[in-house]
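To keep things clear, I will list the structure first and then write my remarks on it.
As written, the chain order gives the labels A, B and C, with residue 1 at the start of each chain.
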Amino acid sequence: MSRWLSLYAVAAYSFLHLPLVVLAVFSFNSSRYTRWEGFSLVWYRAAFEDAQLGEAAVNSFLIGVAATALATIAGTLCAYGLWKRQSAWITTTLYLSLVTPEIVIGIALLAFYQWVFRFLSIQLGIHTVILAHVMFSIAYVVTVVGARLRTFDAGLEEAAMDLGATEWQAFRRVTLPQLLPGVASAALLVFITSFDDYVITSLVAGVDSETLPMVIYAMARRGFNPAVNAISTLIVFGLGVLILAGERLRES
Amino acid sequence: MDSVLELRRVSKHYLHHRAVDEVTLSVPRGSLFSLVGPSGCGKTTTLRLVAGFEQPSGGELLLNGSRIEHLPPYERNVSTVFQNYALFPHLSARQNIEFGLRRRGTADLDSPVRKVIELLRLAGKESRRPHQMSGGERQRVALARSLVLEPDLLLLDEPLSALDPQLRKQVRMELKSLQRRVGITFLLVTHDQEEALSLSDGIAVMNRGRLEQIGDPEQIYLRPATRFVASFVGAINWLGNVGVRPESTRIAQTPPDGDLRSKAAIVRSSTFLGNCVHVEADLGDGAMFVVETPRDGDVFPPGERVHVWWHPSDEIFLPEQP
Amino acid sequence: MTRLRAWFLAPSALLLAALFLIPLGIICAYSLMTRGPYGGVSGPWTWDNYARLPDPLYLLILWRSLLYAAISTALCVLMGFPLALFLARSGHRRNLYLALVIVPFWTSFLVRTYAWMFLLRETGLINSVLVWLGILEQPFEMLYTPFAVILGLVYGYLPFMVLPIYATLERLDRSLIEAAADLGARPLESLFRIVIPLSRPGILAGSVLVFISCLGAYLTPDLLGGGKTIMIGNLVQNQFTSARDWPFGSALSLLLMLVVMLLLMPVLRRRQEGLL
């Protein structure tokens, strides 16, 4: 049976990876058609010279960094607070935010922003995207950091306070350093999710805040463009490295 | 004597150590035989080799005279009672007991199952799931599940270790009488020498993957073949090449008369053990000598000069290894 | 540690209240209001939006969403269980094999969906290869079909099935499998009598995760179904963008939420096993 299982695993891994491998291979094709005509970096140059893609990449990066910073801080503090004592309200809300379909989160935020804009003279833009990303990322951070806290010995904090540390000092000097690998892996997760999100972002982005997934989506809808293969390959490779780094952190 | 199981120079080597090293052993039919030794001595690995969960690196395994080392576990007519019992949690007691018979395609499940349920006093518990049973009940289901298959050999891996200490002595005796009634050969693994001595018809003592001695309980205790066996099966004081057990030793203020061995000593401490008192005495060379004295006997305060003595016939002569 | 705790919880609680609970509340309110003349939302309060849901057109889309989600979930169980079993038995290289499942899962969902567009197009690689091999005389359109949508859903959410099943298989006491073999069960019997029944919690958790993800899918039917095989997620999005009927879109999204919540009930009871 184990031989059949290994054979099956080869097939399953091919299914999971071949589409991305094929995409990557053809991003180096000199032809724009699905016929191999020689190695070329022409589509990478096209992607880099595309002003719209460049601007979108900068936006995505900025949104990713800001959302990661805010969500990681808020989520880590929240995980710690919940570890001290459970709160059914917050836990249930977090869980709900995790399982609500993206499209529902997107339209609900859109409706909310439009409602708020009646009273404030602001518009959709990078800030609304960042807030949206922070919202759906908090649950990821709480999950990852919370998992790390479950293996943390509460006695260490008691020892710190017994030695004269205040509550805050005990958290800052004893608990937080122990949590850092979990916090870092949560931050990577948030960045990846933020960088990749299309469904929610497309609903709450303004005209000046197009992100990379939005541009790729538009190009993919418009018709075949090998520059999309090139930029996709770069994204897969970049995110892949981040994910592997995150897995390392989580195992440590 | 006719043997059910024979091991001929059986070895199991892992990358960095030899878990079982050339063990040769035969288990007499109808006996209750124990493999005993400290943890990591290879006794459990030996059991797993017999069950078929591990493949030997060398040697031969014979069940009723036929080689079995190439057979998978499900084709060997041996059955195992696991240390944690390994009852299937999604099946009731009865379904656990029927499991093996169903795999064999036995047509009449009812009568053998009923017989074994009665034998192990499980009537009324048939529909319980493992998590609804006490430790003792779980153990009896595990026994029933194996015995209903009437194996040539029943393997028991530390069968008493998961039970409460109070229950252990009682179950020990039940296990022995169960074995006598069903007549199936039991091969039992334990790290508890007292358990092995009290239960077994035959004992094999293992240490670091090797067999140290095979014998009946009396031989093992009174005539140990190696210093390891002598120390493992009970407390012992060593004086050079001679060992003497605390319970064979006496203590007195004056040196004894006659054909007895004695040594002058200074009492260092006493330990109350409930049924007796152990007096630790210094023979002058720094070595501690333990003497078992009756609870209601004389009291020997620390610092008192005394004589310890014993009969020469109680001495165990085992030269120190070079 | 009771004084500081409130401060630790406050940022997340505020963010979740403002950006999740209040927006959901607004959707609830909108679903009971009327579409304004220019696409806005206005009074009076009404149940009309819910009364419109049983329209055959919308029922068809709802039915299609449930059907595609069910087919995709079934395929994910069939494909995911053996892979999880392989992972659980893969020995010292387990972390590598696990990473090989997780990495494509987290790399851009959009790019992974796009990769299938690239493969399935009429002039895409699969058609080219099939024509070149002589299996097909002419390329045919595989993209924008129900097949493409279900393929995309299975591809997108397979790891949601594999990881929970793997987690239960990994916790499975090895001695139970040994006991089954010891009692005479052959490997396949032991698989069906012991391993599969005992991994039911993982299969259930994975199935619910995959099913609700498929049910709420937007990107996959949009890109691989090309507007021909729209699912409920697309219908919701459509009401908020081109159709500009926010009240009806709100009612639809609450219906979607309701179905998701009902499906989650059995899993919520097992929450102690962790969120994923």
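Here is the rule we go by: a residue touches a chain if its C-beta (ideal position, glycine included) is under 8 Å from a C-beta of that chain, and two chains touch if they have at least 3 such contacts.
On a predicted model such as this, the values are computed, not experimentally measured, just so you know.
Taken together, the touching pairs link the chains end to end in a line with two free ends.
No other pair of chains has as many C-beta pairs in contact as A-C.
Distance between chain B and chain C, defined via averaged C-alpha coordinates, is recorded as 55 Å. One inter-chain figure worth recording: chain A and chain C are separated by 17 Å, centre to centre, where each centre is the mean of the chain's CA atoms.
Shown for chain B are the residues in touch with two or more other chains, of which there are none.
For chain C, the set of residues that touch two or more other chains is empty. Residues 51-53, 72-74, 78-80, 82-84, 86-90, 99-100, 103-104, 145-146, 149 of chain B are the ones that touch chain C when the two sit in their complex. Residue ranges on chain C touching chain A, taken from their complex, read 1-9, 11-13, 15-17, 19-24, 26-27, 30, 79, 82-83, 85-86, 89-90, 95, 97, 99-104, 106-112, 114-119, 121, 123-125, 128, 155, 158, 187-188, 191, 212, 215-216, 218-219, 223, 233, 236-237, 240, 246, 249-250, 253, 256-257, 260, 264, 268, 271, 274-276.
Those residues of chain A whose C-beta lies close enough to touch chain C in the complex are 1-2, 5-6, 8-9, 12-13, 15-17, 19-20, 22-23, 26, 33-35, 73-75, 77-78, 80-82, 84-85, 87, 90, 93-112, 115, 131-132, 134-135, 138-139, 142-143, 147, 157, 167-168, 171, 189, 192, 195-196, 198-199, 203, 213, 216-217, 220-221, 224, 228-229, 232, 235-236, 239-240, 243-244, 247, 251. Interface residues of chain C, counted against chain B in their complex, comprise 173, 175-176, 178-186, 189, 193-194, 197-198.
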